[in-house]
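Next come two complexes, and both contain subunit A; in the first it sits with subunit B, in the second with subunit C.
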Partner chain A sequence: MARLIRTEKEVEGNYTEQWIVVEEDPLERWPAGALETVGKPVPREDGAERARGQATYTADLQLPGMLHAAVLRSPHARARVKRLDLSKVADTPGVRAVLGPDDLDVFTREPGYPGAPVAAAAADSYGQAARALDLAEVEWEVLDPLLDPDEAVREGSLHDEPERYERGDAEAGFAEADVVVEAEYRTQTVLHNSLETHQSVCEWNGDTLTVYISTQFIWGVRSEIAEKLGIPEDKVRVVCHYMGGGFGAKNHPGQYTFIGAEFAKRTGRPVRCALTRREENLASGNRHATIQRLKAGARADGTLTALQGEFVMAVGWEGFQSWTAGPMKMLYGCPNVSTVEYGAKINTSPNAAFRAPGFVEGTFGLECLLDEVAAKLEIDPLELRRRNHADVDLVDDRPFSSKNLIECYERAEPHWARRQEVRARSEGPWQRGVGMASQIWFGGGGPPSYAWVRVGSDGRATVITAMQDIGTGTRTAMAQIAAQELGLPIDRVQVALGDSARGPYAAISAGSSTVPSMGPAVRAAAHDAARQIIEIAAQRFHLEERVLSLQDGKVVSADDGSWEVEEVTGLLEDAQILGKGARGPNPTGMRVLTFGVQVAEIAVDVETGEIRVERVAAIHDVGRVINPLGASSQVEGGIIQGLGHTLSEERLLDPESGAVLTQTLDAYRMPTIADVPEIVTELVDIPDEHLTSLGAKGLGEPPIIPIAAAVANAIRDATGADVRSLPITREEMLRALAEAKEKARGAPAAV
Partner chain B sequence: MSELTVNGQRYEIEAPVERSLADTLRTDLGLTGTKVACGEGHCGACTILLDGIPTLSCITLVHLVGDRDVTTIEGLRDHPLVDAFVRCDALQCGFCTPGQIVSASALVEADPNPSREEIRHAMSGNICRCGAYPKIEEAILTWQG
Partner chain C sequence: MELLRPSSLAELDGGVPIAGGTELVPLLRDGLVEAETLVDVREIVPRGISEGRIGAGTTLAELEVDPQVPHALREACASAASPQLRSMGTIGGNLLQATRCWYWRLKFPCYLHGGDRCHAREGTHREHAVFGNDRCASAHPSDPAAALLALGARVHTDRRDFPLDDLYRLPTDDDRGLTTLEPSELILELEVPQPQASTYLKAMDRRKWAFPLVGVAAARFEDGVRFGLAGVAPVPWTIADAEDLDSATPLPGTKYKLEIARALFRRALEAVT
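This part shows the complex of A and B:
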């Protein structure tokens, strides 16, 4: 029976009360550890299709008569369009339609960032559209851009009111400290660079718009488009079977989709609007730069007495302001915390969520600061973190639904114990060291989310839900969960996803939430189907339902009776069993979070500033692990992406004009296979006993969070140098080494 | 009108002079297994073989291919590397994977037992933003099963 309940919903730290309908009865919890299918390594269901190039991504879609849109973008960070004449564009052979600021509000006459869309053309080929736009006549009035986030704060150019948080009395906390450490940390702007660029294909069939799009959120795209176009949501169909990476930047429809939809309407043809790689690096979002002015106070025994932080975030012209103060508020049991966050509005591209937004940046600052405290007090950094463990969540004064951070620290010990041996391997200019950092993040997911499970007379099952698999392997995890509940071998379960017209509402693939949101709905639907199979079997074989169960593709009875599932479902001929399931509420009054620790071993050439990361051990607590194979891939991928942020990636701007200098992948340096250290993954794998019928949390984001600080702290261990700015280029490394040398001489540091 | 041999099959193609091999493969021949991720020869996603040599098809003009044999991922679908990549979970979003497999096929053709160092050298032109690298290395090390 459907039960209407009022519950709390948390999205990345913000709680709201909402009504939800819970359709299923609570399910019995599975025992911890590896089961028949769940908890076992399973290669991804769609691996062969993707590897063979048979998976159709949005980029691969070719519809008959499809046009291609190109976008004219502002070359200036801040300017006014004094005159715009698109007539020559419209007259170019192959061009079918043009759009400008008078036609659609995504175009602007007053661009506030380089890459802001001004006009667009749709033509038979992309080349025709792009070349036609060269004939646009634009007269610009170029204005001075505001680029410095600190200057923006001084001038009051902010996105919102400054966000302040106070707990206890920070000033009193510093007064009782034996040691106070202050430092300024900086993190750079980094670019998502999913290999499939942002794109969609829009097609109108009568009054229904079909949008094929590379997206992390089929249902969010559907409602945003319906709202903007003023049409009912069921007149928008959103399709995404395969997508080539998102990392947070593909949570919304994007300007390109509204451009494509308008062109499709005007021309009566399907229209592709795809960003080029250069556009991707100009105008598709980024992780904003931060400046963090931090202060920590501690007693001689390492107990933190106060933490204070001023965070300036270079949000850009618009977009998402990330939670940079989050780790300082949440990671440690410090009674006195004071933070203020400023979101600077400047003439750079809009920000977008990027894998653990804010926590990657904030953890770099906080966890480096903690090691500076540890160094001053001569306390073992791992021990310092143990002593400041938060037993309850102090932000909301709530218990954790589960927390195994101490267990993570225990498991980190053998890796941490390698540091004597690692340091001893220093040789010549190559100095070696070991560093660590802790991780905290959300990842509990939540309602609503729905799934159906269809079982045919052949005893095969299909999970149906309009979710998306953004490359994290969630398709496979859902198949495992359904197979486990149905007692079927994994090869008899498939998953149909990716189409809002062919399945129920499914959660966003962001915030490490797909498995914790969707998994319980899939299990509930499979349970509903399994119950029906058992009811039918009970009647067929004249047994009581309670003595029957499903195992290994069979219906088995307590007295050793055994029938193939298809013997039961086969009775149905063409009829089908359809199970329905929904995600229930999160535990009320509790904080659902993920935890972890990483230990990095590095080598620094103190003459050239070259840094090599040699080994990373990652220990994370994300509740029950559904697929250890896919999970280790998530951990490795997060660490490698994080190493790019730590060492090589940076969006560079011309300091005068604000032009983006790193639009191509030779200039914007992402890690290659040759840059990868040895990575050891350990997952604590203890189900969260308060969270859903699975006890599983999300893992997409946790692994990228602590790596930068772990590397920086390893550098301090190896060289005594305090690196405080990302990426840790050779220049920053040599600066930090020179500063450390000066400090050792007792002289003030040269700047 | 010129001729192009792709995966052993001959095609007649009509293309403007500036057309890339990648565009011809994907748009004219419908061979969309070859992906284009940067379009400027920096990422390796569009890698195909020209007479067995890994080549970036996005910066190769189709009219310069001549009578060389083009091999795309569609011609390597039964290569044991495909199974190795799936078994080792050497892919996440999969957009770079066809290019990775094409590059790897040339490596194992030249040396069936490459060392880790050789793999890292030969594969460093194929960017994987998801970071499947450790498992790509594993897949190539164990490609023979």
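This part shows the complex of A and C:
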């Protein structure tokens, strides 16, 4: 019987209460460790297809008669449009329609950031549309932009009320401390720069709008479009079979989709609206810069007595305040914590979620600060972290559903123990060192999510669910889960996803939630199908259901009877076995979090400021691991992206006009394969016994969180220099080295 | 736009020359160069390496692997761009590369574009010049140019020949150009003396595929060591000795470049002596 229950849902630390309907009883838990398929390394189901260029991304889609939209964007950070005349644009050959601020509310006459959309044209080719927009007559009144986030806080230009958090009494905590360390840390604005730029193709068929889109959330796009256009959700079909990266920036339909939908309506033709690489760097979201003024107090034995932080976040003209204070509140068992977060409203482009928003930034500050405490107390940094382990979640006094951070520290020991040997390899100007940092993040997912499993008479199974695979290997993980439950070899299971018209509701792929949200639904659907196969087999072979099970493509009985699954399903001919499953609730009153630690080995050329990251060991606790091969890919990707954030990536602005100076990939420097260190991945792989029938959490975000602090701490270990600002360019490295030299000169001689 | 493919120098009559296209095509696309007529010069510009002469149509990929080519030039070519770009880009075109200055690339009305001020001097300039930067602080991006300066290369065009040093000039109020080439003058060959030893050292923001923050080339000849610098001035830059680095005029955000230049200078000198 269907039961209506109230449960808690979390995405990236946002908790909401909601009703869900639960039909099935909870499934029996699988034993820990590698099973027949789950827990074994499985190459990506679609790897070859992607590598051969055969996978069709939104960017590859060509529909008959398709038009291309181009967008006229504000060249100014803050301005008013005094006059706008699009008549010459509309009269240009090839142009089929134009839109301006009077036609659609995504366009503005008062742009608050460079790249804000003002008008658009749709033409037979993108070139025609873009060139036609050069003929737009725009008279601008250019206004002085506000660019400095500290200045914005002083002027009260904020997105929300400052967010304050207090636990215990920080002042009393500092009074008890034997050492107090204070420092200011800065992180820069970085761009997602996904391989596939933001884009969609919109096509109306009668009163139904089909949206092909590069997205992380098929169902969210469907709801947002339906709401905006005032049409029923079932009149919007959203399709995304393959996706070239999102990293948090593609959780919503985006202005480009509303522009495309309107053009498609006006012209009766399919319309592509795709951002160029320059637009991607101007106006597609970013990880906002932060300024973090932090203070820690500790007793001589390393016990933290107080943590305090003021966080100024350069949110931009629109956007949200990411949870930069999160790690300070959650990572350690410190009784006295006081934080305040300001979201500065300034004339820069809106931010968007970016792989562990806030925690990447906040962990850099906090974990560097912890090492400064360790240095002052002359305590081993790893030991300091052990001594401050949080046994329960102190933010709302809840137990953890599972936490194996101590186990992560244990496993980090051999990597940490390499530091003497690494330092000893310093030679000439190359100084070597080792640093570490801890990681905390969400990643429990939640309901609702659904899946169906279809088994044909040939004994093959298809998982059907309208989820998206954003390039993380979701297809393969879901196939593994279904194969495990159905006792089928993996090559007899396929996954059909990516189309809201061809499957049930599926969760967002954000907040490290795809596996923990979708996996249990897929397992439940497969279980439903497996149950039916066993029921049919029991009748066919005159046995009791309880003595039958499915293994390796066979129906097996307790007395060693064995029949190929096709002997059962083959009876069906054209009939099919249909299973359905839903994601159950999260554990009540518990915090579901992920944990980890990374150890980085680096070398610094102290004469030229060059930094080489030579080795990173990543140890993460994310519950049960479905596909160790996919998991290590995720860890490697997170670390590489994090190294860009740590060392070379930065969106630069002209301080006068607010113009974005780094609009192309020669100026905005992401790591290349030559910059990638040796990466050693270890996953604790202990199922969370309170979380779903899988005990699996998400892994998308954890690996990017601690890398910047681990590298900065390794630099301190190697050189004695405190780098407190990202990216650690040669300029920053040389500055920090000079500062360290200055400090050493002023310090009393060592005894 | 039209594309001409002349088969001899005699047929050459104006237009914008194009060889590998790795530099020109992006400039055309961004509207930084305007051309009615493109002239594919691959048939008329020599390509190949022979006895100290390098055809201007030789690609960077060809130079980096040829044992006849002095080390400094091979290393400079190998450290430039990416394998794909080096397979297309020619040495002649490389010497004529435009700056990566973001203000110039984004068409700010800057000094180099004919305006009255350099936006980088007051603005964001961490990649910019430490020498010759009083009017325009852009930095020249060519690695091979620094190597060829150190090697004392001569340039042969379709009209004259001269030392590579004379190919470049700093912009002035009357002429914002950075080279001394006449309209439609074409570089045909480089004459590259063989040094006793040479090297090129480069500092960049990542391990591969980045323009030089600082590049230092050194080449030892019987009469002494010559140096060429990349990424430090609006044009490839020559210094005689380490003391010349003291005469630099760094901007607040480019002081660190001098520190790098000093270290690389010392290392380059050690490597060739």
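Just so we're on the same page, the second predicted complex is superposed on the first by the 745 of 751 C-alpha atoms of A that agree within 3 Å, B and C clash if a C-alpha of one lies under 4 Å from a C-alpha of the other, contacts with A are read in each partner's own complex, and residues count from 1 in each chain.
Just so it is clear, a contact is a pair of C-beta atoms (placed from the backbone, for glycine too) under 8 Å apart; a residue touches a chain by one contact, two chains touch by 3 or more.
Predicted model, so just to flag it, every value in this text is computed and none were measured.
Considered on the superposed subunit A, subunit B and subunit C are sterically compatible, since they fit side by side.
Of the two partner chains placed by superposition, only subunit B is touched by A:Thr276; subunit C is not.
By the touch criterion stated above, A:Gly473 is placed in contact with subunit B alone, subunit C being left untouched. Using the contact criterion defined above for the overlaid structures, shared-chain residue A:Ala300 touches neither subunit B nor subunit C, since it reaches no partner. By the touch criterion defined above, A:Gly245 lies against subunit B but remains apart from subunit C after alignment on the C-alpha atoms of chain A.
Judged by the touch definition given at the top, the superposed model places A:Asn193 against subunit B, while subunit C stays out of reach. When the two structures are aligned on the shared chain, A:Glu656 is found in touch with subunit C, with no touch to subunit B.
In the overlay built on the shared chain, the residue A:Ala674 is in contact with subunit B and with subunit C. Of the two partner chains placed by superposition, only subunit B is touched by A:Tyr57; subunit C is not. In the superposed model, A:Asp666 lies in contact with both subunit B and subunit C.
More subunit A residues lie in contact with B than with the other chain of the pair subunit B and subunit C. Between subunit B and subunit C the least C-alpha distance in the superposed model amounts to 5 Å. Touching of subunit A by both subunit B and subunit C, each in its own complex, is seen for residues 664, 666, 671-672, 674. Taken in their complex, subunit A has these residues touching subunit B: 43-44, 46-48, 50-57, 59-60, 62, 127, 193-197, 242-245, 247, 276-277, 470-473, 629-630, 632-633, 636-641, 664-666, 670-674, 676, 679. In the complex of the two chains, the subunit C residues touching subunit A come out as 100, 102-103, 105-106, 108, 119, 122-124, 126, 203, 205-211, 213, 253, 256, 259-260, 263-264.
Subunit B contributes residues 18, 26-27, 30-40, 42-43, 45, 72-74, 77, 82-83, 85-87, 89, 91-98, 101, 119-121, 123-137 to its touches with subunit A in the complex.
By the touch criterion stated above, subunit A contacts subunit C in their complex at residues 429, 607-610, 612, 647-648, 652-656, 659, 661-664, 666-667, 669, 671-672, 674-675, 729-731, 734-735.
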